[in-house]
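In order of appearance the chains are A, B, C and D, and numbering begins at 1 in each one.
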Amino acid sequence: MNFCKLAKLSSVALIMATTANAENVLRWTSQGDALTMDPHSQNESPTIAFNGQIYEALVARDIEMNLVPELAESWTASPDGWTFKLRQGVTFHDGADFTAEDVVFSFNRALEESSDYKEQVKTVSSIEVIDDYTVKLVTAGANPILPNTLTNVYIMDSGWAKANGVEKPQDFAAEEETFSVRNSNGTGPFMLMSRAPEELSVLERNPNWWGDSMYPGNVDRIEYRPIKNAATRVAALLSGEVDFVLDAPLQDLKRIEATEGLTTKTVAQVRSIFFGMDQSVDELRSSNVKGANPFRDIKVREAFNLAIDKDAIQRVVMDGLSFPTGIITPPGVLGNTPELDQQYGFDLDKAKSLMAEAGYADGFEVQLDCPNNRYNNDEKICQAAVAMLAKIGVKVNLDAIPKAQHFPKIQKRISDFYMLGWGVSTLDSHYVFSYLFEGEGSWNGIGYNNARVNEITKLIETETDIPKRTALIDEAWHIIKKEMPYLPIHHQVLGWSMKDNVDVPIAADDHLRPRYVVFK
Amino acid sequence: MSETNKSSSRWQRFLDNDIVYSFFTTPGAIIAASITFIAITAAFAAPIIAPYNPFDPAQISLWDGKLPPAWADGGSPAYLLGTDNQGRDMLSTILYGGRISILVGIAAVFLGMLLGVTLGVISGYFGGLTDTIIMRIADVQLTIPGILVAILINGIGRAALPLELREEFAIYVVIVAIGLTDWPQFARVARGATLVEAEKEYVQAAKLIGLPKFTIILRHILPNTLRPVLVIATIGLALAIIAEATLSFLGQGIPPTTPSLGTLIRVGNEFLFSGLWWITFFPAIALIILVFSVNLLGDWMRDALNPKLR
Amino acid sequence: MFYFIINRLAQALLVMAVVSAISFSLFNFVGDPVNNMVGQDATREQRIEIRQQLGLDDPILVQYQRFMINVAQGDFGLSYRIKQPVSQLILERLPATLELVFASAIIAVFIGIVLGVFTGIRRYSWVSKIIMSVSLIGVSLPTFIIGIGLIYLFAVYLRWLPSSGRAGVIEIGGWKTSLLTIDGWRSIILPAITLSLFQLTMILRLVRAEMLEVMRSDYIKFARARGLTNRAIHFGHALRNTLVPVITIIGLNIGGLIAYSVITETVFQWPGTGLMFIQAVDFVDVPIMAAYLIFVALLFVVINLIVDILYFVVDPRIRRGGS
Amino acid sequence: MSHLLEIKNLSVNFPSRRGQVAAVNQVSISVEKGEVLGLVGESGAGKSTVGNSVINLLEPPGYISGGEIIFDGIRIDQKSNEDMRKIRGAKIGTIFQDPQTSLNPLMTIGKQLSETLIETLKISGSSAREKSIELLESVGIPDPVERLNAYPHQFSGGMRQRVVIALALAGDPDLIIADEPTTALDVSIQKQILDLIKSLCKARNLGVIIVTHDIGVIAEIADRVAVMYNGQLVEQGTVKQVLQKPKHDYTKSLISAVPSGDQKLHRFTVVDYIDGSEEKVTLENVSDHWLSKNKSSETHKTAISVKDLSIEFSIRQALFRKNRIFLKAVDNVSLQIQTGESFGLVGESGSGKSTLARLIAGLYQPKSGEIDIFGHDVLQRNQKAKTSLIRRKMQMIFQDPYSSLNSRMTVEDIISEPIRFHRSTLNSNETSKVVNDLISFVGMPMTALKKYPHEFSGGQRQRISIARALASRPEILICDEPTSALDVSVQANILNLLKDLQEELSLTMLFISHDLPVIRQMCDRVAVMQNGKICEIAKTDTLFDDPQHEYSKHLLGLMPRMDLFRL
């Protein structure tokens, strides 16, 4: 039973952990552990971040979210695909050489039925091996943003995968877990030494890493211990048991900052929070308005927009840690401009008169669906919105539930009024349009359907002329800004907390990149 | 004999009663009863005595959020115990929240008691197959720990309700969830008491008179099983309030728009390390004092109603 | 005796049948699992496909039959979230929960009985009165408040003990234990105290009440009249008779410990089954929820059987059958 | 010469919220070696308190408020707890009333014996074992070696009391205080135990104090007797002297109240000394009263006829029927009771007499057999209305006055309940009049109606029970040991009341008792029961004078012969 072996290994590692003092050990925590060590099995943020310490992709993002070479040293576009020059002299943790064959294997693996990364690589129709260190990803048409989508497609060693019978990612129907769930063999800066899921994972520096001299990081060893309860997580930092907390509650940052020996860092996150108002149905399910859907009236949507005081939310609910916005995609994503980012403002009187004009002077009743375990202060924002909308006579019934029950309501389009947050991993507006605005978009829970926006969404998939493409995106956003189908609140801010003897540069995608971490 | 005389003698007899005497000579019982009484009164009079109505969203101003108590730096005299993260007055919120906690507690205990005593008395009186079935169900339920049952019933209840009714009915779902976990306790006690009482000769005498079974149960057996049931109910009230708080703490209970004390503590707990101690401290103290006094009362009652321990 | 055991076993089977039915019904009541298994980018076709793979579209009875057959073989399926076999996940985390429950039970039972006996014997001493008042506070404090308070005091403020987690884990014969290292002991103290406090006060109060009852009995009076020492009377006669009713309650209370370990494990990030359960509830990971319920019920049933057998050991009246 | 035990002017107080209650007031008694002192009195007389004072085991909050206790020349009432502990067991042994509860149920008797021996005699474990066997042998336990490993529940009541005596003797004491040692036992065993105590007293030259309410026991065993009443010692002297020539009024009435086994009297001698209930009010023209208005139109000669009646209770459950064990509580019983007759049922505990009564009353369903009441088969199912009418004519008086009244109802509610339920009065005015009549009819003041049962003594409660039974206007009254829980003086009152009622209302009476003298006084005919079977049915006088069945003879032989002392 490999579980026993593994556990024995972990105990050895644990004993070592208590003795090794001379090294730079980064002990850190966050809410959720990686679900699996298999790089293609789960497209989930903590899993991607964790595996990114062990595995590498062709391209990566640096701390500022710029695309940088990783296993590929350079790449060039052509009308039928992209050609990548691979880094030479790279070895996997077990000593095997990294070659084009591994890239082909990994992309094919990511395309497998049981992979969770099919979406990212589905535009790749085939892979040509030009030589041992050059591959070409052939696409059906031009794909201007392909490299952007590849940062999470990690490369595995084909030989190791075959030897351990993990040519495919773990399947739902399988009876037993596969070898790659707990074992890993990447090219990355850290090697997995032991792993007890939800308990403790220990990684050690890869002495043969190619990037040793290029990156400033001096961490020798990482000990990761997930802590679900937020207060407990902060307590662990306050008591000095961990060096770094990825996701301390925003409201605790002030206190942490004020504590001697601790410091915090914040950065705007690539995620916007907004409310959706269903305009697809003729009559809202939870409203006392019968025979009509108030949300179809742009006056009502505008009144809602003006009634919600985003500055108050920022100041009181978010403790200043958010950026109120008028567009549901954050700065840094292609399409966001300072002009579009301007919020609609707060004007209670105008909101009331708009409501009266729309024929709802006495307001109406509607249910707000809200997740309670997904976004920063999600439930509290909703609560604040309830109070604010009450002032224009709208009686909002709040249903705050775990995300697992919240999201299906949006996808099944059965929610009248809901909160959602949207992150943009590709840093391109297309990702926003295709999911949230395009008529058939799978997260378009409000039934928004604008012919021009649909058209633009299609056009920018293949448009390679950058200025022209940018103009199209800008046009779509202006239509949206005018029609106000969603109610933008703010862009989220990330706050990382750490001891001040360690410098952990913060990244907008909330991924810890230990290669940048420096012990002073 | 004049009417006043009669009533004074009745009063005299009331004071003469051993339990009443024990009450007035046990300081703990008096304090506990007073606090419980004050808490219940305050909770039910909340709309009258609370400075604000925290359940009316139109009265809340987010800009007043996170203010410390009046006596602390930055506190406002308008908010004696400060405000919570939504700008609600803590004092009013605690009063209203206490009302919900007490309401949920009493209703849940009452439900559990109604169900448990009915089934327990029936089980004990009729015996045989009825008894076996009822008590086996109780055993099965006792097999799964109460808080898990409550989480389960609560989860199923919420899932089964239509979306638009969920928030409105959340409180009833919690009541049912806690009440349904409570009943086996009552059933066991009531059954035990019934078995004892049914064997007593006054019940046989009642049978000989020819009274129907349900008259015997209602008039004779039920009143005599109430003492132990009362004790269980008091202790059950304290446990039910804690259970509600725990459910709410796990995010499974009362929604934060109309918070109970447990919800307040859960929400406030998130602000413990950020220095906003009053958001969790005052509700926690309120909860502890409430539960403590109910427990103290139950404790005294158990001793006082158990003549053997006197 | 034979009849008794058959009766108990039948009862246990009934309990397990009912609990497994409830567990199964979870699959149909709580959330939509598919949503948690796929990323936010998945298409509708992918979702439908997964539903089919999992057999979520089959008739309920077919699903139930499949579930029961699998459960009987110890197969609870794969976790929706982690895609690992649930039985293995539970087995991995069992040692943590069992050690925590064991430590708490020892604290609760040992201190509970000692203090209960003390307050029962010295009913009128002021020390007893203080213990009883404090114990009442113990019953009045919700577990989560105790946990947070202890962390704040001992980990953050005094920095004596770790705030959370399970440290110093060593494996012996397939069992991962934290009870063999100092770090392990340090990390179990706070959660064990938190978990035990409620049960401790319950046991204390129960033992005291039973003790008072027993101390008034004729055989205690007769033992005094025979000139036996107080020690012999209290511990030789009273305590043992007190224990008979206390055993049932302790049995039930250990079940309560398992239930409340859900909360304690969450507060202290104790990597046991309770933490797993709460995480599963958040993610609507139904196979884990269902398996956890069945597992808790099974533990309960086993504990109750042990209690029944303990009765035989302690009480000769049951052992030899009524006359 | 000093006495073995001398109690001088002992007073014991129990403080309560209504002031100090003197449970024992200035009592002085003494005991010599080899002598049995009987301490007799009714409940509440303070006799047990005297015993408990000697061994310093008063129930809190009681305390000795005056006087001296001198044992073997040493004053012991002021000794410390630890010093007293050394005296208890080693110097003074004690026997309590109920052998069922006096032994630790979870410990073998061998363990309990050796523990006591080691503590009091300071001997080793192995010699304690030998001594235990010896002791068990001396109190008449067969197979003592094996029985050492047995638990108390494996002994019968009498055997258990022998074990208790062995335990009391373990420390080789000089004085034994036996507090009601035979009250919980059947007559036949009672005699054996008394004989045992007496013989041990003589053989070991022990001083014995027997605390009892039963004059019969005193007559049987004591050398000297001290009579207590209301905390005070009213008289003491040799047994012969006190029983034959009682000086004090209380003693006189106490002795005269004991029913005689050898002749039937019209009424019992009432203990005048006790100011108990009011005198029964005789209703004028009872035959015209409400009480008499519901007589059956048809008069049957046979009130109760029982044929081949059987019932069994399961005492061990098992999966298969063949493994279950049943107790035949009533086994094939047949009897007939004539209308207006007073029929007695006598037997020891467990003989099935109460079960039989409840079967007849309809509280239990028989396994087989027939019951006819006034010629109507009450077991048949097709005439339910008639059956319930007939059943109503049968009411019962129960043994335990404390559990036979619903403590949550006022006396008025209790008595009026059957009247209101059966709507046997025209209106509420008549109901209250009838209730008033009933309560005075059973000799209680009207003020009793507004009170709750706990405010009354046992005898008064029994009267209320009788009033409740009468409220159904019964023609048959079943009395199940109606006085066995009462003091002897109260017993006489209640029995007289029942006798009067039977006469005035011409009731048929089924009277159940273990007490032969009571049966003799109350009944025309009598049946003797043993192990669920009827051994003998005969006219009362015939049975007492010339019993046929062996068991009847045996029972009669055990009857305390008070007459020895009567002049």
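Methods note: a contact is a pair of C-beta atoms (placed from the backbone, for glycine too) under 8 Å apart; a residue touches a chain by one contact, two chains touch by 3 or more.
Everything numeric here is computed off the predicted structure, so don't read it as measured data.
Asks: Both chain B and chain D are touched by which chains?
Replies: Both-contact set = C.
Asks: What pair of chains is linked by the largest number of C-beta pairs in contact?
Replies: The chain pair sharing the largest number of C-beta contacts is A-C.
Asks: Please compute the C-alpha centroid of chain A, do the same for chain C, then give the distance between them in whole Å.
Replies: 38
Asks: Could you work out how far the Cα centre of chain B sits from that of chain C, in whole Å?
Replies: 24
Asks: Could you tell me the distance, in whole angstrom, between the mean C-alpha positions of chain C and chain D?
Replies: 50
Asks: Rounded to a whole Å, what is the gap between the Cα centroids of chain A and chain B?
Replies: The answer is 45 Å.
Asks: Would you mind listing the residues of chain C that make contact with two or more other chains?
Replies: As it turns out, chain C has residues touching two or more other chains at 30-31, 148, 152, 266, 278, 281.
Asks: Which parts of chain A, given as residue numbers and ranges, touch two or more other chains?
Replies: Chain A, residues with two or more chain partners: 231, 235, 238, 373, 402, 405.
Asks: By residue number and range, which residues of chain D touch two or more other chains?
Replies: none
Asks: When you draw the chains as points and link the ones that touch, which shape shows up: line, ring, star, complete, or other?
Replies: Topology of touching chains reads as other, fitting no named class.
Asks: Provide the full list of chain pairs in touch.
Replies: A-B, A-C, B-C, B-D, C-D
Asks: Note which residues of chain D are touching chain B in the complex, please.
Replies: Per the stated touch rule, the residues are 17, 358, 361-363, 388, 391-392, 394-396, 398-400, 403-409, 417-418, 421-422, 465, 468-469, 472.
Asks: Enumerate the contact residues on chain D facing chain C in the complex.
Replies: 55, 57, 85-90, 93-94, 96, 98, 101-108, 115-116, 119-120, 151, 153-154, 164, 167-168, 170-171, 315-319, 323
Asks: Within the complex, which stretch of chain B touches chain A?
Replies: 56-58, 60-63, 65-66, 85-87, 158-159, 163-164, 166-168, 251, 255-257, 267, 269-276
Asks: So in the complex, the part of chain C that touches chain A is made up of which residues?
Replies: 30-32, 35-44, 50, 53-54, 75, 78, 81-85, 88, 92-93, 96, 148, 151-152, 155-156, 159, 162-171, 174, 176, 183, 266-269, 271, 275-276, 278-279, 281-284
Asks: Can you list the residues on chain C that touch chain D in the complex?
Replies: On the chain C side, the touching residues are 2-3, 6-7, 217-219, 221-230, 232, 236-237, 240-241, 244, 314-317, 320-323.
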